[in-house]
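Listed next: structures, encoded as structure tokens.
Consider the two complexes below, in which chain A is the common component and chain B and chain C are the respective partners.
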Partner chain A sequence: MPPRPLSPHLSVYQFKYTLTTSILNRCTALALSVGLLLLVYWLMAVASGAHAQARAARWLSGPLMKPVYAALIMAFCYHLVAGIRHLVWDTGRGLERAQAQRSAWLVVALSIALTLLIGYCAWLAGARAP
Partner chain B sequence: MSLRSPLGKVLGVGSAKSGVQHWWVQRLTAVALVPLSVWFVVSLLSLPSFDHATVVAWMSGSWTALLLILLVLTCAWHSQLGVRVVVEDYVHGAAARTVTLVSVLFVHTLIAAAGVFAVLKVAFGAAP
Partner chain C sequence: MAEFRLPANSRIMKGVTHAAPPGTRAVRTVRIYRFNPDSGANPRLDTFELDARSCGPMVLDTLILIKANVDSSLTFRRSCREGICGSCAMNINGVNRLACTTATRDLAPEIRIYPLPALPVVKDLVPDLSNFYAQYASVKPWLQTRTPVPADRERLQSKEEQERIDRPAACILCACCSTACPSYWWNSERFLGPAALLAAYRWIIDSRDEAGGERLDELEDPFRLYRCHTIGNCTDVCPKDLNPARAIAEIKKMLLERHS
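Take a look at the complex of A and B:
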């Protein structure tokens, strides 16, 4: 077959900020897939006993992992809010240009607020822990 | 009237195949993950500590174990469907794409099975 242009045709669109919300949704999705790997690794460590969990916790609770968890919390909040926006779109609502531009800002604002809330709760939980 | 060309029919290209199923399951798992993931984050945040005894006691609760299993399964399924689309978008060439897609499926199956196994092992009191 002759070579034909293949999706997703990244170079044919003029850049608009609503594009960023779409790209971010995919990036955060991939980050959360890595997060799922971490979660299952931790669950397996717990199932393998106190010794195995302590060994896993040595690097899971290391200082290098703090930014990873912060990024995962951000990715979770963004993907949750942006995903709900997608579900609303699936009902056929909010697809007009002005509506999509407004909801793009709403998604960013809500996900930042949610990130700060979870971050604050995690910080409180960290301060409470022995 | 069909808009498909005879050549397209012979080559098997251009049909919807199972695209609708993929789209629909992606949405179903998304809807299920909204309450499941919020529950998970809230319960992790309310754990007093992450030492073994505390985590085992938490995971041994019947509802906790059940919801954790549903979370891992739904998450793995949703993730597999999503990563599949990314691979289809960016990995070109039939061989490379097929190998990547099969690997993605295998890794997600392994993750789902490991997650369910780990939760059941702890919930049934078999964690040492």
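Take a look at the complex of A and C:
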């Protein structure tokens, strides 16, 4: 007899708050790991002398980098808040269905608010700089 | 390793359409996953157009109507029709639930029915649950004692001790939770899944059971227990409103406390 087919999973399952918050947590973690390369590049440039540092500063403050930073800040905020949610879960709390639904929305709202706050502070710092 | 795509023999083909009987005013469209092991062909998605007025209130009524009037070869499990046997668990409109306790009126106009996800399909909506049952058996879901039974009475528990296991003991093993879990989809060979872990928890916290330590030893494994990443689909879908996610979190806590 030929092998039995596997019933469909990812292609048919509804993307509810459970799956969505979980996959976002993983995607943001991945984005942050890739984003760390920028920091590594900056640190290496600083260590390699004034010339390399100036070139890195020019490159990293280019107009195309702003959306990248915005995305990374957002990813960081989401990952931070979602991580705290996981920490609370690991104490055995907040795992009832209604609680998990509420905290899913809370994570999204808080991460957006935190992103805006950091963005505002960055804008303030930028406005004050010479 | 997570395998996101279905194997070649599992990809779903276009199926046949059974048109509504002439003169039908309100049509209900039901799309159902079909697989015939004798044909050798890939699974397909058949469309059944029904007279909405002839359908009973629950999804199971609709399935029975199709089997009786349209296509007698349609295969599915069912028994109690009141949500206590767990036989008719299936994926209905993207969520695992019992066909007998899901009202068609609560669903979108079109109903899509698939077998429980990521399992080998025996026929149509009947998946092979052997692995699921073997995992349940592996947690030794029975009372284990070391001390002799008291001579004058049974092993008694207090009302509170019984109430602690009331909810986890109400599991009907329908497999809705385990087959809703992406970790289980990718690692069903090694990860026990929410249903078996809920059963393990039920016996660990049973005041009469004396094998709690061994039970925890068995679970302390990167795959058997720790493939749970608290996604929460299990608790979200449980048709009996049980909470496997919390049970698993409690087991992890017990293991942590044992180490400290």
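Everything below uses one rule, namely that the second predicted complex is superposed on the first by the 116 of 130 C-alpha atoms of A that agree within 3 Å, B and C clash if a C-alpha of one lies under 4 Å from a C-alpha of the other, contacts with A are read in each partner's own complex, and residues count from 1 in each chain.
In this text, contacts are C-beta pairs under 8 Å (C-beta built on N, C-alpha and C of every residue); 3 or more make two chains touch, one makes a residue touch a chain.
Because the structure is predicted, anything quoted here is derived from the model rather than measured.
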| item | value |
| --- | --- |
| Touched partner set for A:53, first chain B, second chain C, both or neither | first |
| First (chain B), second (chain C), both or neither touched by A:29 | first |
| Residues of chain A touched, compared between chain B and chain C (which is higher) | B |
| First, second, both or neither for A:40, with chain B first and chain C second | first |
| Partner chain(s) touched by A:19 [first = chain B, second = chain C, both, neither] | second |
| First, second, both or neither for A:11, with chain B first and chain C second | second |
| First (chain B), second (chain C), both or neither touched by A:78 | neither |
| Touched partner set for A:90, first chain B, second chain C, both or neither | both |
| First, second, both or neither for A:125, with chain B first and chain C second | first |
| Chain A residues contacted in one complex by chain B, in the other by chain C | 6-8, 86, 90 |
| List of chain A residues in touch with chain B within their complex | 6-8, 26, 29-30, 32-33, 36-37, 39-40, 43-44, 46-51, 53-54, 57, 61, 76, 80, 83-84, 86-87, 90, 118, 121-122, 125, 128-130 |
| Touching residues on chain B, where the partner in the complex is chain A | 27, 30-31, 33-34, 37-38, 41, 45-50, 52-53, 55-56, 59, 68, 72, 75-76, 79, 82-83, 86, 89, 92, 111, 114-115, 117-119, 121-122, 126-128 |
| Chain C residues within the chain A interface of the complex | 4, 6-7, 9-10, 12, 33, 35, 37, 40, 42-43, 91, 93-95, 112, 114-122, 127-128, 180, 182, 185, 229-233, 235-236, 241, 243, 245-246, 249-250, 252-253 |
| Of all residues in chain A, those that touch chain C in their complex | 1-14, 16, 18-19, 22, 86, 89-92, 95-97, 100 |
